[in-house]
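Structures follow.
Look for chain A in each of the two complexes below; its partner is chain B in the first and chain C in the second.
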Partner chain A sequence: MTAAAEGAPAFGMTRARRNALLQSESVQGFALISPTFLYALILLVLPILVVIAHSFWTQNYLTIDRTFTLENYRAALTEPIYRDLLWRSLYISLMVSFFTVVLAYPIAYFISFHGGRHKSLWLFLITIPFWTSYLLRVMSWKVILGYNGVLNSGLMGLGLIDEPSTALLYNSSAVIITLTHAWAAFAILPIFVSLEKVDRTLVEAATDLGDGPIRSFLRVTLPLSAPGIISAALIVMIPTVGDYVTPKLVGGKDGVMIANAIQAQFGKASNWPLGAALSVTTMLIVTLMAGATVVIIRAAQRLAR
Partner chain B sequence: MPERPRSERPQLERPMIEIHNVTRSYGSFKALDDASLTIKEGEFFSLLGPSGCGKTTLLRMIAGFDNPTSGLISVDGQSMQGIPANRRPTNMVFQSYAIFPHLNVEQNVAYGLKRLKLAGSEEKRRVEEALAQVSLTGLGKRLATELSGGQRQRVALARALVMRPKVLLLDEPLSALDKKLREQMQVELRRLQQAVGITFVLVTHDQYEALAMSDRIAVMFGGRIAQVASPKEIYQRPVNRQVADFLGGMNFVKAEIVEENGASLVVDTLGFGRVKTDKPKAFVRNGGAATLGIRPERLRVLWDNATAKFEVAGKVVERHYFGEITHLIVEIPGLEKPLSVTETNDFGADDIPVGTSIRLAYDPDALVAMAD
Partner chain C sequence: MIAMRRFLASGWLSAYAFLYIMFLYLPVVFLPIFSVNTAATPKFPLSGFTLKWYEDLPRTPALLDATWNSLVVGVSASILSTVLGILAARSITRYRYPGRRAINGLIMAPLVLPEIIVAISLLLVILQLGLSLSLFTIVLGHVLVCIPYSITVLTAGFEGFDRSLEEASADLGESAFGTFRRVTLPMVAPAIISSLLVCFTISLDEFIIAFFLTGTDATLPIYIWGQLRFASKLPGVLALGTLLLVASFLLLTIAEILRRRAARRTQNEGGLHA
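Moving on, here comes the complex of A and B:
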């Protein structure tokens, strides 16, 4: 009887404590993010850990030797072929993000500042190319840039060139052109969003203080849309470094990128550890490059003042 | 553009802004309908009216953000037609202040000076001077996001004043501030305007703000300018019921015109009997009827056996307490609407029971005739 009486409050207390714990904000927060968190853990963190682990092992014909080694990294960083491919991938992705942002900005600006009542219609029209498969869009660039392609026959018809140019397709420029087109919408949207947030009165205030349209754009609109430019550049840059379909289809031998080499290691060459080391190296370098891009754009924004 | 020497005090009579028959239409809607107005140099001028009366449209057309459909605007004798906003000798304080969020206070104030390519020390001196004018010395390095509403407003003022414009345009600059700060800023703005001697054009829907700060006021309704006059004249001699009503409480009494001559008007009323009043300048007779108006504070309660030369008798039907004053609603036999009276509480107006019969004294000069 007494034992029960003594036990009851203790039990009640733990329950109260448990309830308090369950109702605390952090627990509720974890509960809310747990589906996404688990998803990210299983499909993102685990595979990356597997890849990192592989990069320190050695392929031994059909089996994998699990003794720790840095040999794969030595190969990835010092073999000229991988160094060249990595540099080329970085160059292509930088070029692609530069051209995409430069071409997307005027479109986003036009929709945001002059779209009037039809802003959503314009945005909708921009998504239309995405209704077809990515492969089809790449193939159509082949049709445009090819030896007997639209561009060559057009230029010949105009008498600007005598014979079809082979400089258009199967090189890194072709990869840059195709990727720039493919990623346009992904750059337009973030820039559009950041331009929408620019208070139009600020542009009026700049005009009132003596700025013409170009100066007020450079001093107010452009710096205030920098967050959109940064996210557009990153959204385009990060995935393009690792793209391998586009170089495979329009890149020829001059347009091969690091992802093609990684794919080969995991496929035909069947050297997973080297492929993993190449992947990790690429990831690290892309991270550095993305960080550098943010720093550079921020610095440019500060200079614009 | 040569700078105006600061020693040269403005002569109040020189016109600074001239607005000739300006109309602004949006399709069939006329935001501004044939407005004409002259604002003098060094004047604190207010455009007063309810929202949608065209006051902001007019201000934006002076600034150059909008263009008249027809008519002409000139500033300092120079036609503004075809001159873009960035080349006009006007600067604006926006309703939202429009402080550049990516710049600090100093950079905000120096924004317009950059284009003038001043020497670094001269630019710094002018920024410091402008910040001192609005009592923001020492806050130069703060970001706009770290400022309070009142401080942002001061930055907007400094940013415009530093340009030494011929005209400073203020678009409802105090509407976002709380009551106490607003009253403080009214005094400061007025003081600042007198110190710099620049022509100020203020847009507001707050009649007290306009009355407290302006040299002259233009009252606007539905795209038209109803009256342009000094605050006192606008308040005491409104040209019509609309203006009278907008400028605060006003009792309206129906009147019959008995006699009309050059300067005065004799009318018959039911409550106040036969009254002789000044004829307002803009009075246009419209048949035999007119309206007499009297402000609630111009009616005084007569206590005990006190008498006055002019008085009306009635009965208190409602009483509302407002701290320093009491609002009495007094029914007068013969009047179709009861009179509203505001009385200070010095003698116990807040204790007059509803239903009491009282007598009210008035000054016939306080009765203003308005065209119907």
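Moving on, here comes the complex of A and C:
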């Protein structure tokens, strides 16, 4: 990892000088990045190590018992409440990443292939809502889906329903809709970037060789844009597993996710080690799921060719 | 007109694009609509136009405090993360050294970590060290999540430009610092301002980290979160939300314009048109 370590003892004048030069370039670059690197090391890596350490300890009223135990992980993985929350969080994040990618792909395709001179304007238009406060966007869905909300009052005004429906808000579908909306823009960018890299002459070649537009899309464009699909899926999946605001505001009882349980352990329940174990478990499972997604999409890409 | 013809030419795809944009914008549009509605609950039909929810805002001391706190946190976080971002982006675009990718990956990691993990791990360390939670601890957390965005904006600005200009400056006898100040800095200034604006916007809107790392002081999102529990406070929140929306929109539009100008400038001056 360290740049200085690679400076081997040199024999002979020219080699020593070349090494010195190389080293000075390395040292300069490393010195320049080191404040940012140290910041991330101290405020990200160290804290995560502390969380991992806590996950093997036990809360003893106000103090923490530092004898090694796997009890927290047993609780996280086998107690029905946490197991259910973990499963639901994974299910919701999978659904959300599936829908965002499927909905985003045609838009990315449209901008890349038909955007013309206005590509960057389109991208700007699409990213603007993403930059507005996350809290406010979730709240606006509460306004839309609520009992006295926009959708219910609108549908009643049109005479389509007689009384407000309670099925819209406070369940996992509400969480999925809200998160799909919230992450939409994030999925478009990576797909767009990979579509931009698709060599247009390959698409033409496929057409010249007799593939119809749909076949040439399925056999050329889609497989070539797989890296974009992978990063879009991951960039949505990983953060949504740990989402706290959306389940709290629109999820109700049936939409609670793992982040809400983690927060409870650091707040009211005050069991840091269990909260830490839940966090580590979540991170590990997310990593596994992300890995599986990459493998599956790559396999599909190979099959398509 | 050309846009219009293209719009018709690409058929169902543009129809889909239009619907998608509607889906993206519609929920956001309800905030301003109901913030000027007289009824206290947001539902159709609208009952009448009023600005009273806006007029109440400056008379709420807790809100004014939260606004001030958000400004302090946002300005500190954006300056700090842009300074750290400049160092990292410069190092990544200018130098080659072993471990460059690994270090970059680590610095960018907050982008792909659930925010709650970042928040609780920082919380644990701060409490373990016996530090008290304050606006300062929020700034520490915000800088961590802002740095990746800052680096993304800045590397785009740094990568475009022609390194030979710097070499020319050095050959003509400028010191390294002089070259940076007189050649590099003017070229990348728009990217730096753009990074400041983007980081400020992120900090202004960030909730989870602030929620966990705050002491007694509330930032705007924390204030809004507190208000959401009371149904009667909703119109006020909608009015406040609309103002925040406008602020974010303006800041980001300026950031985007600057970014484009920077891209144009570095391309022009490095290319044939100089």
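Here, the second predicted complex is superposed on the first by the 266 of 305 C-alpha atoms of A that agree within 3 Å, B and C clash if a C-alpha of one lies under 4 Å from a C-alpha of the other, contacts with A are read in each partner's own complex, and residues count from 1 in each chain.
Everything that follows uses one rule, which is that a residue touches a chain if its C-beta (ideal position, glycine included) is under 8 Å from a C-beta of that chain, and two chains touch if they have at least 3 such contacts.
Note that the coordinates shown come from a computational prediction; the quantities given were computed from them, not determined experimentally.
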Partner chain in contact with A:Gly275 - chain B first, chain C second, else both or neither: second
Contacts of A:Gly149 with chain B and chain C, given as first, second, both or neither: second
Contact breadth on chain A, by residue count: chain C or chain B: C
Chain B versus chain C as contact partner of A:Val220, first or second or both or neither: first
Partner chain in contact with A:Gln301 - chain B first, chain C second, else both or neither: first
Chain B versus chain C as contact partner of A:Asp199, first or second or both or neither: first
Which superposed partner A:Thr207 touches (first chain B, second chain C, both, neither): first
Touch list for chain C against partner chain A, complex: 2-3, 6, 9-10, 13-14, 16-17, 20-21, 23-25, 27-28, 30-31, 34, 41-45, 84-85, 87-88, 90-92, 94-100, 102-103, 106-107, 109-118, 120-125, 128, 140-141, 143-144, 147, 201, 204-205, 207-208, 212, 221, 224-225, 228, 234, 237-238, 241, 244-245, 248-249, 252, 256, 260
Interfacial residue positions of chain A with respect to chain B in the complex: 199, 201-202, 204-212, 215-216, 219-220, 223-224, 301, 305
Complex contact set, residues of chain A against chain C: 1-3, 6, 25-30, 32-33, 35-37, 39-41, 43-48, 50-51, 54, 103, 106-107, 109-111, 114, 116, 118, 120, 124-126, 128-129, 131-137, 139-141, 143-144, 146, 148-150, 152-154, 157, 181, 184-185, 234-235, 238-239, 241-245, 249, 259, 262-263, 266, 272, 275-276, 279, 282-283, 286
Footprint of chain A on chain B - complex, ascending: 63, 65, 84-87, 90-92, 94, 96, 98, 100-103, 107, 111-112, 115-116, 159-160, 163
